[in-house]
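Take this structure, written in structure tokens, and hold onto it; I'll ask about it next.
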Amino acid sequence: MSDFLSMGGYASSVWPSVVLTVGIIVWNVLAARRSFSEAHAEARRRVAMEQAS
Amino acid sequence: MDWTWFHRFGSPPHLYRIAGRLMPWFAWPTAILIALGLYGGLVLAPPDYQQGDGFRIIYVHAPSAWLSLMAYTTMALAAGAGLIWRMKVAHALAASCAPIGAWFTVAALGTGMLWGKPMWGTYWVWDPRLTSELVLLFLYLGYMGLRAAIEDPQRADRASAVLAIVGLVNVPIVHYSVEWWNSIHQAPSVMKFGKPTISWPMLTPLLIMFVGFTLLFAALVLVRVRGEILRRERQSRWVAEVVAS
Amino acid sequence: MSAHRLTGDTLHVFRGERHVLRGLSFAAESGQYLEVSGANGAGKTSLLRTIVGLVQAESGSVEWNGRNIHADSRAYHAQLAWLGHDSPLKGDLSAIENLHYGTGIRRPVDAAAIDLALEEVDASRFADRPVRTLSAGQRRRVALAGVLLAAAPLWVLDEPATHLDAAGHALVGHLVERRIETGGIVIAAVHAPLPVQEAHTRRLGLSTK
Amino acid sequence: MTGAWSAARLVVERDLRLAFRNRAQLLHPLLFFAIVTTLFPLALSPEASRLRDVAPGVLWVAALLSSLLAIEFLFRDDAQDGTLEQYALSGQSLTWLLFAKTVSHWLLAGLPLALMSPVAAYGLGVPTSAVPGIVASVALGTVALSLLGAVTAGLTIGIRRGGALLSLLTLPLAVPLLIFGAQATARAIAGSGIAGPMYFLAAFTVLGITLAPLAAAAAVRISLE
């Protein structure tokens, strides 16, 4: 296990790379969902406003 | 030839519904493939005889670079379709590609630099691939900057579309000229990035990652495009029905 | 002299988020003056820009002699004189030079024709001065000379009489009158009605809501 | 109806006449070019051999940045006073008229830069034998740059404080120009043949001539909407 973690001496490069990429994937998933729900909320707010007027 | 599929695709409510329905079919395989690819690349694949375990960065770097280019191409083609046929959904699609592409350009650059530290002894050398990725990042930033600077959303769609197409014509030229420039200035002994001697046990996880990232891109675009369609169709009746339910 | 016809069919135009024209239709033919009026922000300029083809309608169409204006826009533009809100003049050039270049790209024009046009808008006195030194009203007159020189059957004018004095206002009415009497069509957005014979005038009122 | 050639001639003539009535604006990019190339010896060293090494890069980066200053003004006045609208509605091909405008822009910005580059190069310790190569490469490179600039300037019409954005849009697209232009200059200084990079510059320019006016016309139409 520690062999695996040390990555043959390249741990300081390999693991940050993996973390960076996975982090960007997760961030993109969250950002995409947030972008959609913001648009959804905005559209809903607009519809409510139009019904009120 | 039957063009109804084309018009149906061009209809915002239709694409909105289709995208919502398709998304899970991309999301789950994406998660599985990327997990599989990472396991294969980090654990199963044998170390490279020259670069040792350091070469494993390629399993995250190459798919990110691939995604960054794929996103730009998709963006420019969608933008072109939007300009030619005045299709709102095509512009929505183009707008969804940009932030995704830009982020994975950052991923490709970051992982490239992390690979460079042990191999070249420094985080940055003017490697042709890294340089091209950097220019690509500037193209993405310019595209998003132009979009943000124009207030009228339709004008923003159309102006950024012209820029995306000009950029698409330019990307291969940039790539080629950077390669050429590098061949003149770089000492030949320097190790080029991403050229390990590849064998099947090494290649299989990489291919899995490529497929996984392609599906990831599709899934992310499908989520974002729905939001972009809603932003562009605020006034229409179908949006009122969709958000009310 | 052939008769012309300009029609707009259920035009919907958006400016950004705002839905400015909601299903507007209109028609004008040779010998008619179409006066567009309405409060600020009612969409007068948007309508005119849609008519000349600078703005594309979200839906609906504008047709010139039965053909969509975007089908052969260059042929349409050759028959159209457009005067926007600002007078399209270069401050560092004189009125004569401005007209020489401005009209020149549309049709060949000689010095005599330019002099004549400037005389008609009562601008001969300051024809040689750099436009920079002219008042806004004087510039408007020079711009109107440009419209005359275009020799186009269709005029689309956005507030043609802005900055003009009472005499200028009457002059614009006179020019419009003459254009429609010789088989032209004039469409103008105005705040104060132009003095044009009632029999030739069609009115199009735009409201904000 | 005015023929296409006369229309283009009138566009160029008007721009030239306007520029000569307002010469100061014409000089600003040239002065900028002169100052930037003067700063380098002050920052690095007055040693001729060291300056000669960096001369191609200095010349090209300075040329690129000063062209950018000029590109900012390419459509600004015409958009503000409504001249561009008149062009778009003139019955002439807007693509063609904008091509003519690009030509006049090159005559007013690119060509003077090319003619001035030997002076700057001389100050950087470049041998006089390199002068023809430098002038040729800068002249050709600025043609392509004017074409590229017409597109990006068209896109940024009407954007408040669009200067920085214009740089962000234009410079990445100009990377190939910088590479091949600087290489041509370096070879001219070294005394080896400049044909190779010049071919690339020429190819880029031809591509620009065929595509850029179309894209610029599309951009201007969108910006006028």
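Going by the order they are written in, the chains are A, B, C and D; count residues from 1 in each one.
FYI, contacts are C-beta pairs under 8 Å (C-beta built on N, C-alpha and C of every residue); 3 or more make two chains touch, one makes a residue touch a chain.
Note that this is a predicted model, so its numbers are computed, not measured.
Asks: Could you tell me which chains are in contact with chain A and with chain C alike?
Replies: Chains in contact with chain A as well as chain C: B.
Asks: If you count the C-beta pairs in contact for each pair of chains, which pair comes out on top?
Replies: A-B
Asks: State the chain with the largest centre-to-centre distance from chain D, centres being mean CA positions.
Replies: A
Asks: Give the identifier of the chain nearest to the protein's overall CA centre, each chain being represented by its own CA mean.
Replies: D
Asks: Between chain A and chain D, what distance separates the C-alpha centroids? Give it in angstrom.
Replies: Chain centres of chain A and chain D, defined by C-alpha means, are spaced 42 Å apart.
Asks: Please compute the C-alpha centroid of chain C, do the same for chain D, then give the distance between them in whole Å.
Replies: Here the centre of chain D sits 36 Å away from the centre of chain C.
Asks: Round to the nearest whole Å and give the separation of the Cα centres of chain B and chain D.
Replies: So the centre of chain B lies 32 Å away from the centre of chain D.
Asks: With centres defined as the mean C-alpha position, give me the chain A-chain B separation in Å.
Replies: Averaging C-alpha atoms per chain gives centres 15 Å apart.
Asks: Send over the residues of chain C in touch with two or more other chains.
Replies: In chain C, the residues touching two or more other chains are 56.
Asks: Going by the touch rule set out above, which residues of chain D reach two or more other chains?
Replies: 225
Asks: Residues of chain B touching 2+ other chains?
Replies: 152, 154, 234
Asks: Every touching chain pair, please?
Replies: All chain pairs meeting the touch criterion are A-B, B-C, B-D, C-D.
Asks: Looking at the complex, which residues from chain B come into contact with chain A?
Replies: 34, 38, 42-43, 47, 52-54, 56-57, 60-61, 64, 99-100, 103-104, 106-107, 110-111, 114-115, 117-118, 216, 220, 223-224, 226-228, 230-231, 234, 239-240, 242-244
Asks: Quick one: which bits of chain A touch chain B in the complex? Just the residue numbers, please.
Replies: Listed in rising order, the residues of chain A that touch chain B are 4, 7-10, 12-14, 16-18, 20-22, 24-25, 27-29, 31-33, 35-40, 42-44, 46-47, 50.
Asks: Give every residue of chain B touching chain D within the complex, in rising order.
Replies: Within the complex, chain B contacts chain D at residues 83, 135, 138-139, 141-142, 145-146, 149-150, 152, 154-155, 158-159, 162-163, 165-167, 169-170, 173-174, 176-178, 180-181, 184.
Asks: Which stretch or stretches of chain B touch chain C in the complex?
Replies: Residues in contact with chain C: 86, 151-154, 234-235.
Asks: Any idea which chain C residues touch chain D in the complex?
Replies: Its residues touching chain D are 49, 52-56, 74-75, 77-80, 82, 84-90, 92-93, 97, 101-102, 104-108.
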